[in-house]
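Letters are used for the chains, namely A, B, C and D, taken in the order the chains are written, and counting of residues starts over at 1 for each.
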């Protein structure tokens, strides 16, 4: 058992260090430690125009624009599934603003099955301010998912503002010229793993006293173990599920053994 | 003809936008715009212990530790070659400190064939301070090679401190667990290209008024053209030379056509 | 949807920029129906990273053949004897209404290859089948999606006439006006594969020839990159009159009525 | 050094974790000499990214065979009929002194495969050759380098006896004590391939048996990752008594005298 909210009154205990990251989706979660939902916002969002996925050698650039039907509808539609989930559900919040996030957090407070909230910061948002607003609105454990680019700089402030664990982290932002125009998306690729590992290692050395969750480029149990060796308490897997559906569950089984 | 020091009294004119980056090495440079040397320091450096290169899926992590015999010896040994070089030589300085850099810059001032200096900053160094010291010591055009991680934040300050062009940029730092221990190296991979392109695009939008040189993940003429379309005046190629020796020259020929 | 590891028994250029890859795989052959697709990967490499869409081309219960873009790296790298890792069946089979005696299949350029399996199936069900080749009208893009990466290139575009010797004799193959009033009035059901431009033209032509476009009459195949094939990645969203739908789980064929080609970009 | 594109005519496991890959390539065959290597790439994929070191195993002026690690992804992905892109020749050939009548070749575990070409060459030059197999003494690592990636796995480690039917009958193959005083005294020249531990043991054993270790008497092969093969990347630096040298351009065989095994890590 791994405690992801060791510095908090309400616990978030997982049985396995392998989590399914936001964006991933699986029906088979007998071993997985926790499931992070797709990122939600208060109001529905249509998301980014096409293309949303652009392949590059050895990876993929993705821009979803946080397409989602809005938190109230997500809760309405998934409440039953969450109640029955064998692993805690962590509801991800996409960056829109601190006020919406506080409202959303309050709404989730008493939803059965929801074990925590994962905040998706981006460099444009003042992470500490947003964290304080959410912290004031809920007792649910809060995971702060930081951009790899500036995680090191803001990690300590996030802990001070109430984060219970840090997810390291959001994939690096990239660009490609698509039909003559700049197209921005985040990079998901096995080669992101060393970047995320480095950030985990550097932040572990800060000794912040809260669990770190590695995330980025994991495609095997060996990859997952590398993050645990670097100081992560758990890891999140996502894009590997695209090319090998069910891989997160298989990695969870292997890491357990 | 492309002018890389348009804001400066001493010009650095290249005939082709393809440059060979520091670390690369070629004997065939009939078309290439300029050759950047391996990074030098004032005193000889033995460099990093083995391993220096760790392969990952779709790329490679490299840590050289700036192994080099020290600038005085480099100049002594390569002076003749530089005099005869068909393309300007840009001498790269590895980060050790502003004082050494000023000494080195002064020594290169009158070496025939040397067309400019490329400063390799890393996040630990105050870039503007170092730039001002080198600027005061030489009239040679100065290229500032910034870490992709923080290039956007420090770009304007580098221009104010005297940079004639920005190289975007130094590869992202990564980590791997090697034999149970953390091993740090920079990531060279085709998947770095979108990260560098994004930084070029963002800094182009700042309108700093000096040329930008794209660098990272270029493996074909198409890749090079993508950087030029994103706002770069030139590009540097390196690790592609490892897997396809002579590719920089071939790309230069194709881009010329 | 299941995962299969299948040995390649054939891998060759079928026609223009269309590649054919075949497997001796009875299970897989029986699991797939016209309109469906498989997602292929040549593990363990991560370059190319994403799975490729293989469109069902022919299947006899033993052997199954798929088509995809001959420009895709997978085409050059796959050899007879290799094992490919396949996820299938994906997408919804195109089921023709029992009353649809006269079936019109319209393919734009090489996208016609996505309709061959259906044409043969319809013939086997004793329906009358016209396979009509439309010239390429879509401007450069790939179907209704944008395909900056080769992954979407399922079929691709091209000109020329599909080799008729590959077609059952019962299939009437036409290369004159695919959207002619004569054909549109004749048909009981239409399935088309091509660009958004073709689909717009088809909707107008049907309205002109038959006065109205009924729901259930015409279906169109959406050919987009489908990285996950299971609704997990949202890469294949298309705007329909019923809101956003996913080509992989709600399609890849959509009723032309529901399909707002305008906003699909 | 030139670039060759060669079709694979053979690709199979040779012995333990050693893979053999062969090409019908007269130019290449004639360009390479024992001790040299080629760098191989299966373009256009970027995974694996780096070129692989292929060690010359046999060459008859027409056909050329190389060995590399059977665990390397290239082993599984390469098929007869594929073209590989090769850079060769790389590294320095091992030239035996004209006076060296009795040649002792010592290979640790499967690293012995790096000496087979040399053994046959020496026999052809009418020298007496003892090929001595040493058990694996190096602790887990790969030769004198560290090989966190599979790229360095040129040969690899293993136990067992090299299949003698692959050796010319003139070669005396020994599996007893490779470092015995008898052999070390008998030899006019020694070439060894193995770990830093082996090389240290070899240096002591020579000093014990022959009182001194002369320059030019014993050479040792350094098996490190060599991404560029041309001295450009500095990945293959080894510390020698003459300062840092590069395995690819100064080696891969170094005089045991100059070779400070301690600092090679």
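The rule is short, and it goes like this: contacts are C-beta pairs under 8 Å (C-beta built on N, C-alpha and C of every residue); 3 or more make two chains touch, one makes a residue touch a chain.
Note that the structure is predicted; figures quoted are calculated from it, not measured.
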Intersection of the contact lists for subunit A and subunit D: B, C
Partner chains that subunit C and subunit D have in common: A, B
Comparison of A-C and B-C by number of C-beta pairs in contact, larger one: A-C
Inter-centroid spacing, subunit B versus subunit A (mean Cα positions, whole Å): 35
Chain centre separation in whole Å, for subunit C relative to subunit B (CA means): 48
Subunit C, residues touching no fewer than two other chains: 46-47
Shared-contact residues (touching 2 or more other chains) in subunit A: 56-59, 176, 189-190, 219
Graph class of chain-chain contacts, one of line, ring, star, complete, other: complete
Subunit D-touching residues of subunit B, taken from the complex the two chains share: 23-25, 46-47, 49-60, 62, 64, 67, 176, 178-179, 183, 189-190, 219, 241-245
Interface residues, subunit C side, partner subunit A - complex: 1, 3, 41, 43, 46-51, 87, 145-151, 224-225, 227-228, 230-235, 237, 244, 264-265
Touch list for subunit D against partner subunit C, complex: 44-47, 73, 77, 79, 81-82
Residues on subunit A engaged by subunit D in the complex (per definition of touch): 57-58, 190
Subunit C residues within the subunit B interface of the complex: 46-47
